[in-house]
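The structure appears below as structure tokens.
We just call them A, B, C, D, E and F in the order they show up, numbering each chain from 1.
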Amino acid sequence: MPYVNIRITREGATSEQKAELIRGVTRLLQDTLGKNPETTVVVIDEVEMDCWGIGGMPVAEFRQRGS
Amino acid sequence: MPYVNIRITREGATSEQKAELIRGVTRLLQDTLGKNPETTVVVIDEVEMDCWGIGGMPVAEFRQRGS
Amino acid sequence: MPYVNIRITREGATSEQKAELIRGVTRLLQDTLGKNPETTVVVIDEVEMDCWGIGGMPVAEFRQRGS
Amino acid sequence: MPYVNIRITREGATSEQKAELIRGVTRLLQDTLGKNPETTVVVIDEVEMDCWGIGGMPVAEFRQRGS
Amino acid sequence: MPYVNIRITREGATSEQKAELIRGVTRLLQDTLGKNPETTVVVIDEVEMDCWGIGGMPVAEFRQRGS
Amino acid sequence: MPYVNIRITREGATSEQKAELIRGVTRLLQDTLGKNPETTVVVIDEVEMDCWGIGGMPVAEFRQRGS
């Protein structure tokens, strides 16, 4: 019965990759905690690059800095 | 003073339907817990179909399967 | 297939009141958007008073101010 | 190591303003709690106007009412 | 740089099981989308049973019903 | 009208520090985007140490590793 929210930057993840995330995390919860996959909900949010910050700056700038 | 986040798949909900959700859930919190409607915040997120998973698969596939 | 997160301050909501919220919001989504109640998930978060802010101050102070 | 989610209505915030929010909230967490800015994550969600409710109505209507 | 929020009912998950979830979902994001594990954040929320609803009722009641 | 959710590990933040976070982030949104402080909501979540992961491991282990 878990709810999982995966938030990533919007950088072209395909529907196949999203389906793989959904399948993988649902299986992980079943294997680790015995959670029922039938009622496991997974929601993926793709966030615009300029809306994601880390290290006190937008992620694009953070990556350029070489961190 | 509650905050309510309603997450649904993006399938053409109209502004009128969203207004109805906002009105309905605000009233529910007032009737059930006496919460002040003036400071009740409701945010609706519409999620792309391929970003929503249930039963270990994307929701479109889940529905076709007849569940 | 919606997911609803209701966040309120922790002030003694009973299990009966929570059940009423769950029932009410699930029905609202069914009546307004035709959402399947069987797969509607509702999660209620009770937040400590000193962790909830509005108007730039903790909610207890905000209420005393008479707003 | 904090995670901060800032949700605002979509009304034309620029990338510069978003960068200012990211910088400001990261610094605030460092100054107030000593949190490491390097691992502070900030995500800004811009929400469509008709998806944001307050006072039991969509925010556009709420503002017109003069509240 | 992803952020993952896993929400489960509070039913005695151990620290070892939580560590397994953290490890597993971080690896999944690396394998599927090439995400950097160093900056992947995972937060697990354990929710009280009477705060979790599915099928229009608290989860304990839902399970008894045999669904 | 913004909603801000600050998630930190539970490590003894005081009510005064939380009030400072609430005041600071509300002011930041007013200064940067002209947001009305009266309707800005801030919710702080304190998360148990073993429920927070980074770098594929619980945060306590991550810190010991010297990252």
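Here is the rule we go by: contacts are C-beta pairs under 8 Å (C-beta built on N, C-alpha and C of every residue); 3 or more make two chains touch, one makes a residue touch a chain.
Predicted model only: the values in this text are computed from it and were never measured.
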item: Set of chains whose contacts include both chain D and chain B; value: A, F
item: Centroid comparison with chain C (C-alpha atoms), farthest chain; value: A
item: Between the pairs A-C and D-F, the one where more C-beta pairs touch; value: D-F
item: Superposition of chain C upon chain D: rotation angle, C-alpha, nearest 5 degrees; value: 180
item: Length of the line joining the C-alpha centres of chain E and chain F, rounded to whole Å; value: 20
item: Chain B-chain C separation of Cα centroids, rounded to whole Å; value: 13
item: Distance between chain centroids, defined by C-alpha means - chain D, chain E (Å); value: 25
item: Shared interface positions of chain D, touching two or more other chains; value: 1, 3, 7, 21, 39, 41, 43, 52, 54
item: Touch-based graph of the chains, sorted into line, ring, star, complete or other; value: other
item: Pairs of chains, among all present, that meet the touch criterion; value: A-B, A-C, A-D, A-E, B-C, B-D, B-F, C-E, C-F, D-E, D-F, E-F
item: Residues of chain B that touch chain A when the two form their complex; value: 7, 47, 50-58, 61, 67
item: Residue ranges of chain C touching chain E (in the complex, touch as defined); value: 15, 18-19, 21-23, 26-27, 37-46
item: Residue ranges of chain A in contact with chain E within the complex; value: 1-9, 13, 17, 20-21, 24-25, 28-29, 32-33, 35, 39, 52, 54, 59
item: Residue ranges of chain A in contact with chain C within the complex; value: 1, 3, 39, 41, 43
